[in-house]
Amino acid sequence: MDLSFTLRNKSLETAIGVASGTFGYGSEYEKLVDLSKIGAIFTKTVTLNKREGNDFPRIVETPSGMLNAIGLANVGIESFISQKLPMLQKMPCETICNIAGFSMEEYQEVLQKLEDSEAANFLWGYEINISCPNVCHGGLAFGVDVKAVETLTKALRQRTEKPLIIKLTPNVTDISEIAKAAEANGADALTCINTFVGMLIDIRKKIPVLANKTGGLSGPAILPLGIAAAYKVCRAVSIPVIGLGGISRWEDAIQYFMAGAKMIQVGTATFVDPSAPEKILLGVKKYCSENNYSKLSDLKID
Amino acid sequence: MKQFTASIINNQEIAQGYYQLDFSWHDNEEPKPGQFFTVKINNNSDPLLRRPFAFSGYDTKSKTASMIFQKRGTTTQMMAGKTANETIDIIGPLGNFFPAIKDQEAPLLIAGGIGLGPILYLARTLERQKTPYTFLFGAPDKALVPDSKWFYEAQPIICTDNGSKGFKGNPLQYIESRLQLEPKHSFYACGPMGMLKSAAALAEKNNLASYSVMEQMMACGVGACMGCVIKHKDGLKRVCVDGPVFNSKDILWT
Amino acid sequence: MDLSFTLRNKSLETAIGVASGTFGYGSEYEKLVDLSKIGAIFTKTVTLNKREGNDFPRIVETPSGMLNAIGLANVGIESFISQKLPMLQKMPCETICNIAGFSMEEYQEVLQKLEDSEAANFLWGYEINISCPNVCHGGLAFGVDVKAVETLTKALRQRTEKPLIIKLTPNVTDISEIAKAAEANGADALTCINTFVGMLIDIRKKIPVLANKTGGLSGPAILPLGIAAAYKVCRAVSIPVIGLGGISRWEDAIQYFMAGAKMIQVGTATFVDPSAPEKILLGVKKYCSENNYSKLSDLKID
Amino acid sequence: MKQFTASIINNQEIAQGYYQLDFSWHDNEEPKPGQFFTVKINNNSDPLLRRPFAFSGYDTKSKTASMIFQKRGTTTQMMAGKTANETIDIIGPLGNFFPAIKDQEAPLLIAGGIGLGPILYLARTLERQKTPYTFLFGAPDKALVPDSKWFYEAQPIICTDNGSKGFKGNPLQYIESRLQLEPKHSFYACGPMGMLKSAAALAEKNNLASYSVMEQMMACGVGACMGCVIKHKDGLKRVCVDGPVFNSKDILWT
């Protein structure tokens, strides 16, 4: 059974990764998870400057899901390169670096710093978080604006030969338009999807539960939304799609592969059960062998 | 730190809505006072996330860990219904632990309500080490005070807000009215935010060493999600890995 | 405690209704529910022509939710007037008629037929389902297009003096734009929200579970998404907002009222527990009296 | 039709993965063979929807209803774990029921697998009414055939696909090979889609009256959601209120 995932002639042995922001930098889960079973760690989003992130509370549980408003807390690109990269390099799996910026320039600067750094050579590729608010453009996320995605993708493409993955936000009227814009401007793959905007209100305190008011909804609750989005995007573009959103069992992963995804990521489910990625891998393997699939792309349905 | 399936050895209501649950421990790493673990009680997605609980005791011989929990929402309700031989999914031990008690230190162990667990564990450990300590437990009413057998060899001074048992008032009022604070005293506190804050202020005023067990909503429990932060003088800190035990002077109390 | 809801000088005694498509025409639940406790029944969407709806399967459970692709099955406006209205009139609660069309003209025709019918006089108002695909416009839903919503609202407004409620779809980049378009063109209130597009795949049959492939996600899973949408819309318009989406407990309803909704509807929760609307009413009453609220609009937070 | 909290009186595994659950009945309306009810097993939202099950019996004196269910997914797994005195939330009776057996009619009662419930209930009712009938029960293997005591006074002819018990083959093969179909014969069938379809075809060929209990995923169970439709010669029909018992000639079998 071939479970690999290929972009630009580079292969991941296993098309099952762990999602940005849900696996730290690998070391957090080292004692609980056999990292060699994981195709790639998608790192927590790194930005130009260090960020403490939003005020707390930052997370709250919802029916079959959770909201988070971490606010892209991270050490900033310099410390990331000096402190996190050496640690990540030692992990027995590949690393895909997730980056974001609050302006076009910031995105480019972060990517350029990685490209220019010896220490970042080992990175397998980049995932671009476009759910980040565009401070120069009214604060709406980059990812909801076709024009912004075009410009951003083109600019980043010019700076790297490594696999460039654009991570789509589902909070749009037509996700396939954004997907096509990224494809047309040089993206090698698309991750589908980031979180949905949600809110809960604390009825005792009479304020939103999250200090940031809104947060991103993730977890099993969004599984059907993620599959619908992946199905749609897979039929709008011809570059590979990486399915993500609500996967907690191998059956969920198979659904994404049937929708047309060529790789998947596990996010919130790892919090619930750190062995989820490994269990999913085992389940996918078993299903494929029982159903005589020799490669993941054969699972795609019409 | 390990993920394993624990067998429930005993589960009993020890005060109104408070339960002590003993379960088999399967990691070589033994839990220390102050540390916690997370529980997943069901196989489906509501409730979804693991829930954090402090250790209230650990028996090395039988490899039995204990917790004291209060029935509050879905997970704790389901936990209350569990009986011996049923299983729960555990990850632990997690977080840091109380610092070692120094020679000549006179620790005041302060537990409020469901903050009892880690403080009781600390008291029992000190008892076994024959380290002197003073242990105070406060609750709103005597209905919320476990029978003395549940404190084992570590009998606390009982304080109730309404005076229905022991001292009338909370543990801090007890300390202020009954004890003469001296430099050798130190605080080890776990309980409601208000109590922790008062304890921190009192320690500050008297220039005492003081440690608080903090709580925050958690998703991962291992430092990966950045969700469980609180305000610390060095910035936002994660309760799950930078704590749950903090020097109370480092916390920016709000 | 004043639990009423007012539009155009007409009042509903109780600002808790049952959502379109989840309560049939009232008679289905008559034996299980005390209908006098319900503010209003929002009827299953009625269209110009009788519709059998989509092929089956049409429903499937998801984590804390369900997908439906009923496909607006209904008897058509003529039979609705002759068969359903007399039945609805006998119910001990008000009726708000939910309508849709597959073209601008159809919407208007359906509304006009109701306006022209003696039997429809008793209707308290109309709720307009704009999640319907616009067959004359590439099949995208009316509700995702600001222009379409403007034209539609204006046209319908001209035909009735009754309360006109526009039911928003959440499958848009910015729901407040659509909300403003409806307000500016004469809507008396907005219902927030209809279902989210989702999909599940049957991994044994290797086809989407729903014959229609995609369906609408409803139930507790979408609660945080509905609250976020209602909160946003309540701050974008000044007409009343009717909160809907994932409400199954009184605590959920209070969250919508705090978000700024002046009425709520219960949908999927009624399937799970037919007494849900009544329990929610009791819980809301109790909370308000314990917290010294004398009217629902006081619950709104900043 | 009523919603009520039922007490479980007995719950027992009667064959591999098959359970009979008896529960207290609190509605004045007594369930009839063919009718069903819906169950909500938990207070949280996963699993969310109620699940439909057929009655497998009803005892008027003790007001006890029975069901036979197979452990399949979350709800039935949780149901299997329930013991006497625990409660479940019930809505019923729902749907239509088998038509009355006519004089001189020779009904063939055909149950496949978990379709046993409603057919067993019908058989026991006919037994009590002293109406003659033939009762066939088919299963893949003898492990899936309940012990004879679970059929009570209505002992069926057992058919197993692998011949491990009774007739080797399914109930329809039994009928075709062992019975001489005559105009007085009629079919009352519940079980897998393939079996129902074959029964309908055989009835059609021999011009016999024939009724099938249909299944479809349900959300409301009372006719409100329009979710549970199947293809009928008069258009799409809702299994929950237009059925679950249909004249098999009216179904467009696909």
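Chains: A, B, C and D, in written order; residue numbering restarts at 1 for each.
The definition used in the following text is that a residue touches a chain if its C-beta (ideal position, glycine included) is under 8 Å from a C-beta of that chain, and two chains touch if they have at least 3 such contacts.
Here the structure is a predicted model, which means the values were calculated and not measured.
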Intersection of contact partners for chain A and chain B: C, D
Euclidean distance of C-alpha centroids - chain B vs chain C, Å: 47
Mean-CA-position distance for chain C and chain A (Å): 34
Chain centre separation in whole Å, for chain D relative to chain B (CA means): 53
Interface hub residues of chain D, defined as touching at least two other chains: 44-47
Touching two or more other chains - residue numbers and ranges from chain C: 63-65, 219-221
Touch-based graph of the chains, sorted into line, ring, star, complete or other: complete
Residue ranges of chain A in contact with chain B within the complex: 21-24, 28-29, 31-32, 44, 52-53, 56-61, 63-66, 68, 70, 73, 219-221, 248, 268, 270-275
Chain D to chain A touching residues, read off their complex: 44-46
Residue ranges of chain A touching chain D (in the complex, touch as defined): 63-64, 220
Touch list for chain C against partner chain A, complex: 62-65, 67, 140, 144, 171-174, 196-201, 203, 206-208, 213-215, 217, 219-225, 227-228, 231, 246, 251, 254-255, 258-259, 287, 301
Contacting residues of chain D [partner chain C, same complex]: 1-3, 40, 45-50, 89, 91, 216-231, 235-236, 241
